[in-house]
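Given below, in the form of structure tokens, are the structures.
The same chain A turns up in both complexes below, where it pairs with chain B and then with chain C.
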Partner chain A sequence: MGNITMGKYRIFLFTVPALLVLGTFFLYPIGLSLRMSFTDFTGVGIANDVGWKNYERIFTRSRYLDALGVTLLFTLIVVTVQTAIGLFFAALLHRLPAVRNLCRAALFLPAMMSFVIVGYVWQFIYSPFDGGLNSLFAAIGLTSWQHNWIGDPDTALYALAFAHVWMFIGYSTAIFLAGYAAIPQELDEAARLEGTSGWQRFRHIEVPLLASSFTINIVLSTIGTLKTFELPFIMTRGGPDGATRTLSLHIIDSLFGKYRFGFASALSIIMLILVVAVTLLQNRVLRAREERVR
Partner chain B sequence: MHRSPMHRVVRTAAVTLLATTGVAQAVTLEVTAWKGNDAEPAALPELIERFEAANPDITIDFSYISRSDTDIVLPPRLQGGDAPDVMMADMPLVNIWGNAGLLAPLDKGDWYERLDPAVKAAITGGDEVYIMPLEVIGMGNFVNMGLLREAGVEQAPRTIEELKGTCTALAEAGVNPMIFAGGFSAPLFTIANGLEPDPAAAAELGAEQRTFEDDEAFIAALSLFPELAEAGCFDPEVQAGVDPWSTALAEFKAGNFAMMPQGAWNIRDFSSVDGLDFVFAPIPSANGTGVALDLFGVGWVISSQSENAEAASTFVDFFTDEENLQALLEAESAYSPFVGGASGMAALAAPYDEARAAGASIQFPFGVLHWPKPLESEIFDSLTGYLLDLDQEPGEVLSRWDEIIEDQY
Partner chain C sequence: MSAGLSRRARSTNALLSLLALLLVALILLPVAYMVMMSFKTGNQIVQDPLGLPTSLYLGNYANALSKMGYVRSVLNSVGITLSVAVLVSFIGALAAYPLARRTNRLARALVMLMALGLATPNFVTITPIYVIFRDIGLLDTYLGLILAFTALNLPLAVFFYTGFIGNIPTELDEAAKLDNCSDFQVFFHVIRPLLGPATATLSLFVMLMVWNDFTYPLLLLTDEDKFTVMISVYRFVGNHNLSPEDLFPAAVLGSLPLLLLFLVFQRRIVSGVTAGAVK
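This part shows the complex of A and B:
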């Protein structure tokens, strides 16, 4: 009996290394950030307790709530568009096996470039003075379409979202292509014998059977986009007038421009709660959808 | 072989002396700065070479760390007791590192007495001084004289009325008059005009003793934006989104715009452009001279943890010598921080020099810690927002600045 009990608990010993890594590199820093969020730490020296002051400032200053709105809108745009275009390319490449690998590599190429390069390239494309996009419109006679793309608060976030989607579309396509590979070919053949159209097969067979690919795509891109700061940092520095200032950018600015480590920690804790809440909710909804399909 | 106790004592003393002398002869000093690379050499490579020749017992291990990376790289090293011996710093950094006890107090030698009073006041907090200032650099109006002459204007504008007249003439000649980016140029113009009537107000505004929202000079400065836009100086909505650190500089260098408020550190780069006929002038303002906006930018600080404090002091002292400093000032197009000190400004900056000589210089409030660093980005943001919607009330825009000041207390 004693041996059985020991054996039952012994298996938990195998989780100790993983728990140690998790505790040291994930839970401890989060605990430290939580502790720091109640101080006025400047990055060096002594941290003084300030109670809930940092949190009070976050919730009483509209600029932080605006940043939360910008972050959520940016995420919504990127996740929706990236998933839709990724699915489009995957459906297309699934039907074009001859060029599938070549196109998959081409779509992946932007993701292999550094954010800095992508940011500067798109900044020059969007430049109001002889930028690539405006020059293109001028060349084809559409001068009325010329615009200050990242200088106008109404278009800046969309312009950044487009660059972000361009960069990561290869990932979404690859995940959907993996999903396509798991769809039994007999189903497709049976549907064809029944005389279904391509659209009907896509709508009623492929989309439902790609449910797990949707889950992975949406969850991964949501987490990645909620945390994003690179392109807004490089292309607009959060401007014009905060139109592209995400929560992450506020955190970076507070840390390394304003030396407000305590305040930045409070913002980080709020962002952590946001990311966890959104991800849990998404997971719940998407898993339930997967179950329904099965 | 038997050795006497006296022999052993003498031998130990000799070894100790030799070892001590050996260490003193081979000091390697770690120095970091955000100047000294190819893009912004500031004559540091030559000066370090000259220093090593004059001090053969000290070797300099120099590392370039950009200003933004300085915020990331150095605090953990300072906190961890592994800081470089000598570091380039500005006043926001001195304020934080000095208050945390991470900087060594400098000897207030002859150099301290020679400092310009404004700079001396800025670096003196309490009894100790932690930074040896290297330069005061101008922020003014770059003016492409070639383009002005095309429009029949012979002189860089110094007053608001001259500025409006120049803009109108340029616009009529088909020349883009002015870069007025919300992220830097517009703030320089606003700060210069807002502080011109009473430069001492900067300290009171930053200490919550007065509010920007009710400050008539700043309200008047913002009220100039619609007037300048109407005079054809700029399209406010376009300027709101111009990146002052890439697009704006590239456009001025390309000769696509006639004027641009910016810093004198660009003079060297602009001078390398063939055919770019420009001058560096004061920022146009209500008085007749314009405003020379002086930035006390950088200096040397010594880590309190440095094991080579004496060698570090020798290095810092080297830059208090006017002859040595001159090379840096010329490379930077900057002014000496010392009273009666040399100027490294090029001849094309004569209009700016004249404004300074006429007493029209104002210290940039962030460089002397009158205003907190977080206010800087809020000014950039709020003025960008104002350019996008010039119907906003100036007081409403300025209230955002007061909110940031309030957050500091």
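This part shows the complex of A and C:
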């Protein structure tokens, strides 16, 4: 009897190496993080138990609540704009088989670059001194549009979000195009015969049938954006005036030089809860939406 | 009538194609800007910030190459990237086999674990990993960095292979089992030889992630001789008073290997990322 059960589960021995790696470098660290988050551990010496103090600090100091707000706003902007632009390009390229593959590959190119390099290049593009964007405005006579894009707290977060979206337009476009490829052609042709306009077909046939592409795009870009670190780290260091200080920037700042491991752990746990809660919620809402449109 | 309509449709199409190409070119402008700027002298940048370089000035590159330890960091990145790709594909494919062939509670629990791993940002585990590595002597070692990256990319690999193996007909497994093959023999002799295309795509994806990652090497490495390319770029360009003569050649040098890889494998990379995401 015991042998039969063993036989049924023996195939799961294949997962042992993966479980060892994930247990040691993923699950155990999360547990350790949780434990450290209730201490004042500084990396050396004894970690004193401080109860909920680290969490209290996060939820009572405006700088951490602001970071939470900045992170969520940044994610909202990026996810919305990136999904919209990706859908636009996919709708356009779906109708143009002659240039589709070329454009899809070209749009993907920025995603091959590191956040570090994208951050540097866009930092110079936005620079008030000889930066590409302001020089462009000067060249076409729009001097009044010149602006210190990442030096102004009102525009800095949007400027960073724009650079982030620029990087990943190709991802969203490719995912939507894969969704388009799954739409049966007869459906489009039937609607065409009934004399519907291109916009009507887009709005009432294509968008509903792309529901699962929306889900994938939104969930993936949310996961990728909630942890945003490199762009603000490289471009603004969280400034000006905390306008681009994200949660992950706070985590790294608490580690580097300050060695506040306990506090950094508490921030990490908040981030984990945030990511899991948001993606679960999105998954539920978007999957329900998929069912409805079907 | 219908011929006239189709001619009109055709010219609309040509116009739209032109529009699409223009928009795509506009989006690639920052990449062209990066390359163009890297060939300009400091003087040229001040006097004509948008103009094409007057000559192919290579001084910026000579300076960057001599100061940023480029070759050494490329070798480090290549070594780390390839090690991670090999480990992730091997361990990931192994773990995916039972998950693709079983649907019991244990399989579902493991899939949930992988999903959690996929969604969890590395910032959640970076503090404890730093502490663990320090305690067991993995800080500032290649091995530590490779293990950290392997754990980070493993959930994706497992999902990727699970989808791929799921499409391999189970009749193949059953036929081999009738010949008295064990699960292990079935995996190594029947499944593994079919995984080539999946492994190629996954490896490209892992290379992209590892080569471009900044956080792990920033936190886990201090020895200059072990720096990856992105850390070398960061150390060379710095954080204050950006100098375009340093920034742009370093940016081009840092992205060049992956841009070349993309030119060769763009079809596989784009379709792989899409397939990975859609599953």
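What we mean here is this: the second predicted complex is superposed on the first by the 264 of 294 C-alpha atoms of A that agree within 3 Å, B and C clash if a C-alpha of one lies under 4 Å from a C-alpha of the other, contacts with A are read in each partner's own complex, and residues count from 1 in each chain.
The definition used in the following text is that a residue touches a chain if its C-beta (ideal position, glycine included) is under 8 Å from a C-beta of that chain, and two chains touch if they have at least 3 such contacts.
Just so we're clear, the structure is a prediction, and the values are computed from it rather than from any experiment.
Superposition of the two structures on chain A shows chain C clashing with chain B. Shared-chain residue A:I30: touches chain C; no touch with chain B.
In the superposition on chain A, contact is made by A:A156 with chain B only, not with chain C. Among chain B and chain C, the chain that touches a larger number of residues in chain A is C. Looking at the shared chain after the overlay, A:R61 reaches chain B, while chain C stays out of its contact range. By the document's definition of touching, of the two partners only chain B reaches A:I46; chain C does not. In the overlay built on the shared chain, the residue A:S127 is in contact with chain B and with chain C. Residue contacts after overlaying the shared chain place A:D241 against chain B, while chain C stays out of touching range. By the document's definition of touching, of the two partners only chain C reaches A:M112; chain B does not.
The superposed model built on chain A shows that, among 134-142, 152-160 or 260-268, the segment of chain C colliding with chain B is 134-142. Common to the chain B-facing and chain C-facing surfaces of chain A are residues 43, 120, 123, 127, 237, 255.
Chain C contributes residues 13, 16-17, 19-21, 23-24, 27-28, 30-31, 33-34, 37, 45-46, 49-50, 90-92, 94-95, 97-99, 101-102, 104, 106-107, 110, 113, 116-132, 134, 147-148, 150-151, 154-155, 158, 183, 187, 208, 211-215, 218-219, 230, 233-234, 237, 239, 242, 244, 247-248, 250-251, 254-255, 258-259, 261-262, 266-267, 269-270, 273-275, 277-278 to its touches with chain A in the complex.
On the chain A side of its complex with chain B, the touching residues are 42-46, 57, 61, 120, 123, 127-129, 148, 150-153, 156, 236-242, 253, 255-260. Those residues of chain A lying in contact with chain C across their complex are 8-12, 14-15, 17-19, 21-22, 24-30, 32-33, 36, 43, 89, 92-93, 95-96, 98-99, 101-110, 112-117, 120-125, 127, 130-132, 135-136, 139, 166, 169-171, 174-175, 177-178, 216, 220, 223, 226-227, 229-230, 234, 237, 247-248, 251-252, 255, 261, 264-265, 268-269, 271-272, 275-276, 279.
Of all the residues in chain B, the ones that touch chain A in their complex are 68, 71-72, 75, 78-79, 92, 96-97, 99-102, 182-183, 237-238, 240-243, 246-247, 251, 256, 373-374, 377, 380-382, 384-385, 388, 403, 407.
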